[in-house]
Amino acid sequence: MAGGFPTDTRGNGLTGIVPVVFAAALFAWFASMVPTIAATEIIRVSIPWIPSLGIELAFLVDGLSLTFSLLISGIGTLVLLYSNTYLAGHPQYARFALFLTAFMVSMLGLVLADDLILLFVFWELTTLTSYMLIGFSHEAEKSRRNALQALFVTGAGGLAFLAGLILLAAASGTTSISGIIAQGSALKEHAMYLPILILLLAGTFTKSAQVPFHFWLPNAMAAPTPVSAFLHSATMVKAGVYVMARMHPAMSGTDVWLWTLTILGAVTAVFASLLALRQTDLKQALAYTTLMALGTLTLFLGQESGYAMTAFATFLIVHSLYKASLFLVVGCIDLSTGTRETDQLGGLGRIMPITAVAAALAALSMAGFPPFLGFIGKELKYAGAIAVASEPLFVAGAALLSNALMLAVAGVVAFRPFWQGSVPSGQSPREAPWQMWAGPIILASLGAIFGIYPDLLQVALINPTVISLTGEIGEAKELKLWAGINIPLFLSIATFALGLLFYWRHVQLRALLERGFQSIPNLDKGWDSFLDGLKGFAKWQTQLVQNGKLSSYLFGTFLTIAAGILLTLVYTGMPMIAVDLSDVEWKHTSIALLTIAGALLALVTNSRIAGIAALGVVGIGIAMIFIVFSAPDVAITQLLVETLVVVLVAVVMLRLPSMPKAEFRLNHAVLSVAVGASVSLILIAVVSSPLDLRLTDYFEATSWPEAYGRNIVNVILVDFRALDTFGEIAVVVIAALSAYALLRTTRKGDQK
Amino acid sequence: MEFLFAITIGVLVASAVYLMLSNHLLRFIFGLVLISNAANLTIFVSGRLTDGAPPLIPEGADAPLVDVANALPQALVLTAIVIGFGLFAFAIVLVFRAWTTLNSLTPDDMRLAEPEEAPK
Amino acid sequence: MNTFGLNIILAIAWVAFTGSVSLVGLITGFVIGYGALWLIQPLIGTSTYFRRVTAWIKLVIMFHYELIVSSFAVAMDVLTPKHRSRPAIIEVPLDVKTDTGILLVTNLISLTPGTLSLDVSEDRKTLLVHAMFADDPDALRKSLKDGMERWVIDAVEGA
Amino acid sequence: MIEIITGSLIILGGFFAVIGAIGLVRLPDVLLRMHASTKIGTLACGVIMLCCAVFFGTSDIIIRAVAVVLFLLLTAPIGAHMIGRSVVSTGVPLWKNDGIEQSELDAALHQEHSAPGEPRT
Amino acid sequence: MDGFLEISLEIGFMCIVFSVVLAFVRLIKGPSLQDRVVALDFMTVAIVAFCGLAAIRYGTSAFLDVALVLALVGFLATVALARFAERNTERSRERTSDD
Amino acid sequence: MSWLLALPVVIPFLTAVLAFQTRQSPLGRWISVAGSSVLLIASIALMNTVLREGVIAGQMGNWPAPFGITLVADLLSAVMVLITAIVAVAVSIYAIADVDEKMERLGYHALFNMLIAGVVGAFITGDLFNLYVWFEVMLIASFGLLVLGGRPEQIDGGVKYVALNLVSTIMFLTGIGLLYGMTGTLNMADLASAVDGADQRLLTIVAVLFMIAFGVKAAVFPLFFWLPASYHTPAFSVSAVFAGLLTKVGVYALLRMFTLVFDHDTAFTHTILLWVAGLTMVVGVLGAAAQSDMRKILSFHIVSQIGYMILGLALLTPLAIVGAVFYLVHHIVVKANLFLIAGVAQRIAGGTELSRIGGLYKSAPLLAVLFVVPAFSLAGFPPLSGFWAKFLLVKAALDVQGWIIAGIALAVGLLTIYSMTKIWAQAFWEPHPDGIEPKLSSLSSRDRAAMLIPIAGLAVLTVIIGVMPEPFVQFAEASAAQLLDPTAYITAVLGEQP
Amino acid sequence: MNSVILRVGTRYLAGLLLVFSFYMMLRGHNEPGGGFIGGLTGATGFVLYAIACGTQDSRAALRVMPQTIAIWGLGIALAAGLFAALFDDALFTGQWLFIGATETDKGLPLSSVLVFDIGVYLVVFGSILTLVFAMEEEI
């Protein structure tokens, strides 16, 4: 999209406007709920959905969900407005708007859902829609790859998450979230608590790109900037944080919870802010600061203190506001100059004043300068950190370091491009159209407004949120710019000092980090090798199993048969066998031997005619068996069929080459014998116990009186079991038609 | 009696399996004929064997006077034989087509549907 | 032999199958036989002829006599360790004209042991016979012509 | 009485069958073997069908027995003729009696017969 | 049933089975394609006889029907194989053998 | 009552006869469509009755069970017949565009309807040998359809398909013989009690024999070779109906026999099934991951998803059976649809080999939408039918502490996502290698309608099942109950037992 | 097949086989035989015909395409089963009509079962010929 702003700023007509209006309407609707929530009430609606599984379409509006809803719909509105110009005249804008709106709705559903499964439905929907958005410029290999990466990582987490939810539902006997929370600390004592926690965190950490799953998020920036602004700052990545917050009352307070969240949060925060400083691409830098924010939020959720909770609520809002606006600003810079590389940018302040102001406001909030909300947020952070029962120094240190780095990054992103250096030659930047600076300005100034009038937030959102997090109102700490001379204040000052130092030396620092990060394994590279490994393994396995050779398929099948039977035999033990040879006549024996001889001849011969003749012998032998054991009809049929078989083979062989000499294969021989032996064995066992002849007796009794036939076999065929016979002649017809088609298929259709 | 033919069936099956495993379609066909004969015989033997008393009702009688052979398996075998013939007929034609179109009777050389190396 | 005659034969055959010799059976057989003939119509030649029953009887008797006698000759040769047979393929000129005649001659020659009719030339003039005891081919040729073929001609073509 | 006749005829028939079979095995070339198998076999069948006729004596069985014989008389020679002409046309080597002793003859046959028409196994 | 008939039946069966076995020997030995066909043909005829004996042995005419069908249809296989032998050589003079 | 059961089998046969008589004219295809529609009506009627009156049975030829052949429909049979009819309608419409005159002259429509008849018969019969017969009808018809057209790769695939299926068929036949030899009966309801009298050790062995025979039909590990070897070769309507229905008949047979008859040693038999299920899921999905042709990917996925259904049977808890039934129904719809879509891709983009096509997202958005629904349903994304199927089975597995198998099921789900997105990325997102822009408008209006209507219809069905799963879940619960307690089934067939 | 003997022999045998096959089918209900056996026997007649005189002649003699015979056979068999519907019986319930029945003698039976067996006959007959003719022509 580089190379100047769209000339036609009227956007995309209705397809552009409608989504904006829709989002705005949603925002208004949620705003209208603020009074209720501020009055520390909640709104819950539920419609039965899958009663047989106890799943409801249940939605809950409380402080937490309302805060999120307002952020989502509010920022959504501005982003959609922004996009309408950013992507003005784009042939696929309709799809873009559709996906973005769909995403917004799913996100709202996610934060409002009061049913675990319903929540998961929306969770996956956000994954799906974000996949479509990340891959929006789908003709570029890179964006396809990154879309898949994001989908795969979050999808993997999602599946663990699903398992966790199912266990959670099973453990607490309900899928209703408020229901679970109402059960108080029951869950924490439950035997399945740990597995549930691990699975849920697996889901949330992947979704919120916590270390070590962070690698997908920067790549997801392949998406158009508005998407990054929306998904990767304000909303989707916070879904994981949301779930942790949502489950906080029911699950927090255990050591596992405390330590996992604290440590991983802290590590993510520091690590991400270092990464952020290392970036030269503005968007990437912002992406990593988002990680840092998420880490911090996770860090807070590890605790239970009112400070931590208040800090969480505040910082949640703060971050969304400034981060979204900064992303949009970067979008403006990008469009205006055609680049996002810090060292190719400068002196934009005079050319794009409004954008510059927006950037400045946002950055100051981000850096945590008074009187911005960011400052309050930071103060609370420190307060919270100190309030942390365990290891305050560790937490405080982490917070300090990350905040300082944030300040530096803020400078790099929002100060340097505007107020340092001059516009490089070849760039002809212009001020962004109003649709594009409106968003940043509004969001950024909100940061200031709330900073100056924190009570607005306090009552409307912070307190209710803290209630949702802790359960008691009392926990909520007051937001104020001036909290007196206290440790947080000192820490703030330290932050400013350190941060400015970092900013001043950020180039050297970056070089240093570059060297440092060479040593750290790059999970993004790991991703590719993982995929290749997967493909390689799949190929290997498939060539092993599905090698295209019929002989090995048959071998496998027969092996399964033999192994199946014989191993089962080992398991069950020998069935009852009674061998009775008393009634065997020499006639029977010789017929049996003749048949066997025929089979063996067919087995050994390399001459086709000998083979056919051998089959003929087997046929004759079996016919003799049918004759001796009084089955004339069967014998006749057998002989007729045998004759036809010979005829057909004789005809076909006219065109077939002679058989090659077969070389002896021991493994085949062993397998064959095994199969044959097992069949014999089973049959012997079967005939060892007497046969129940109810059916036959009935046929003999009714064949003549009721079916008017003296040939019982024929009566069975055409009357008792006529349906079999019908199916059977159907088989014959189909066989003939199929074979006919196969023979004629090379001709021009079928002619007489 | 049944024992004797159970053994016979075993041999039929064994030879059939060996033939089917040999990587040659004509041998496979031979094996197919053998093994379907074996299957039919299995049903017949499972229904127990009766010497020289076909399941026919003599004129004037309402039911067989002596105890005759078990008619049901005979009917089943008859059905199975005919079905088996249908399958065989198709199979042999398929083998013929395989020879005329793929010019080979050794299925392991037939690699059109599943080429040697899957296309990248 | 004309269609009617063939049809009668079939009707009788039918009666034979059903084993119930009755007018109804004969008529049914006639009808079904007619159906069968209708199906194979293109095969039926138009040659029609009046058969001599006596010739037929003679043919039958002589045939069986030949069959028994020569069977023993063959049996001897089979059972004795030394092969006394002097096999040879000889050509026998055919006088019999009609299809039925040719069929009868060849079949009967084949059925009497010691001789085996291999093939009839396309022009139906000569018959290829394999003889076990062809010590004197001409004598054999003569005996075949005056014997089997003669009787057949008498019976079928009534020269 | 009937039993005696039947029984002896049965044995006779069986005897014929065996002779035919022996001929099939012992005689030196295809056509000679056919002499033995085709007709003596037919003869054996004829005799045994005669037994049936005599034994049962009922009209339907007699007719059926006769039918069997007639069918054989009609079909056997045709089959024989088909094989015979294929023997001639494919030039399967035939045996000439030049008074050699049987033993040597068999030996002679063996290389001679490993002319065309041999599965060399 | 009379003892003599019993015995003669047994003998008859033995003869038939024995002749089938002999035919099988020829079938294995070949050597020519036609030899095998002849052997098979002989077996078919032998089965007809077998049916006849069975009919007497069990006193059921049912087995005669088997004989009837076989007598009428059995030679079809012979014809088909003989034709194969002939055509096979027509198609490839140098390959009179069947393998 | 008995006619209600007979008609679903009779109608396709009549259709086949008529369609064959008119094969020289275009009338044949319309007869086929009409026949399938009538079948649909009949199966709806059947479903109604079963829902109202429970299990119904009809004694063919008025011969009382277990002597004659009984047709039975419980909820499972009824729904399988219904879904078969739906697929039949969809495919017979699709065939108007997909099947050329040459194939029609060779009797495509007759074969197709006979195939349907066989499938329906298999679902609705209550007699083991009759089941064998219907299997054969289905099998031989599938042979014909598979090689119809006679392209070399069809013949190649056909050889393998035929060879391996014949083996299983003969196994099945042998098994029936043995089971009859043990119990003296063929009626399944009668068998349920008859087997109790038999030697239980022997019964287990025979059970395994059946497991293998049906296993080949159902294409489970290690017996599935025939499926990926052949399913990508025939005409698209053919592979669609194969993919939808054939393997499911095997699954149905397993489901029926191993709840009704072989329930004597579940500790053994169903443990085997559990292993089979796991391995089938994994091997199948990895096989798909290794492919780069749309139809081959889909074929391997059939195998993988058969594993899920077997998992349901193996766990044998009510919820698990519910999952299996739900999965069965969902999978038929979705998988058939995906093959139909592949056919459209072939027509407008010129192939199914992913490296040789592309650009469908840009220039054929409608097709893209129609693909996304079944594809992501297959991948188990909510709120599509596949999610609930997977959800039920995973929950069932977790409920019995089957951690590993549940883990496998989920992991396989992830890999399914992987290969669905692979198709999406390479056939839809990626530009066409030849730079052409595949458009639906390149199809004649008749073909466009004939191909897209069934696809859209099935897609809508998928969404409905996904968004309003309750009735389907309830239904699956009811039929699972019938399977786990076959008393109703047995009583319907044999009458009140003393 | 340019064999005078075979051709002449076939003239008699084909007819004989055909008649014999009808006989086998009709008596099937009471003695060995029936639709399959009949159909197979009848088919062998025409197979022989085809071998002896070539498929052109035998197709001509048959007049109807064998696959048509087969499919009609299927139709007839199905009709025989559906016939029961007229009497409100289940599919494939045998319907019997005894001509000239007395209390001692059942008389001449006509039945849907017989029709069914005829259907079977035609199917087997037609199918085998479809197959054999096509093979003779293609191979």
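By letter and in written order, the chains are A, B, C, D, E, F and G; residue numbering begins at 1 in each of them.
Here is the rule we use: a contact is a pair of C-beta atoms (placed from the backbone, for glycine too) under 8 Å apart; a residue touches a chain by one contact, two chains touch by 3 or more.
If you're wondering where the values come from, they're calculated on a predicted model, not measured in any experiment.
J.: Which chain pair shares more contacting C-beta pairs: A-G, or B-G?
T.: A-G
J.: Work out the mean Cα position per chain and let me know which chain is farthest from subunit C.
T.: The chain farthest from subunit C, judged by C-alpha centres, is A.
J.: Mind checking the centre-to-centre distance between subunit D and subunit G? Centres are C-alpha means, answer in whole Å.
T.: About 33 Å, centre to centre.
J.: Let me have the rounded angstrom distance from the C-alpha centre of subunit D over to the C-alpha centre of subunit E, please.
T.: 9
J.: Between subunit C and subunit F, what is the gap in Å from one C-alpha centre to the other?
T.: Computed from C-alpha means, the inter-chain centre distance equals 62 Å.
J.: Let me have the rounded angstrom distance from the C-alpha centre of subunit F over to the C-alpha centre of subunit G, please.
T.: 36
J.: Enumerate the residues of subunit F that touch no fewer than two other chains.
T.: 13, 20, 60-61, 107, 110, 129, 133, 136, 140, 143-144, 147, 150, 159-160, 163, 167, 174, 178, 181, 228-229, 290-291
J.: Which residues does subunit B have that touch at least 2 chains other than itself?
T.: 20, 38, 40, 42, 44-48, 51-54, 56, 72, 78-79, 82-83, 86-87, 89-90, 93-97, 101, 107, 110-111, 113-114, 118
J.: Can you list the residues of subunit A that touch 2 or more other chains?
T.: In subunit A, the residues touching two or more other chains are 539, 542, 546, 548, 550, 554, 558, 606-608, 610, 614, 628, 630, 632-633, 636-637, 640-641, 643-644, 647-648, 651-655, 659, 679, 683, 686-687, 691, 693, 695, 699, 710-711, 717, 719-725, 728-740, 742-746.
J.: Could you list, by residue number, the parts of subunit G that touch subunit A in their complex?
T.: Counting only subunit G, the residues touching subunit A are 28-37, 40-41, 43-44, 47, 59, 65-67, 70-71, 73-74, 77-78, 81, 91-92, 94, 96, 106, 109, 111, 113, 116-117, 119-120, 123-124, 126-128, 130-132, 134-139.
J.: If we count contacts the way the header does, which residues on subunit B are in touch with subunit G in the complex?
T.: 54, 56, 78, 82, 86, 89, 93, 96
J.: Would you tell me which residues of subunit G are touching subunit D in their complex?
T.: 3, 5-6, 9, 12-13, 16
J.: Where on subunit G does subunit E make contact in their complex?
T.: On the subunit G side, the touching residues are 1, 6, 13, 16-17, 20, 24, 31-33, 37, 41, 44, 47-48, 51.
J.: Per the contact definition, I'd like the list of subunit G residues that touch subunit B in the complex.
T.: My answer: residues 30-32, 36, 124, 127, 131, 135, 139.
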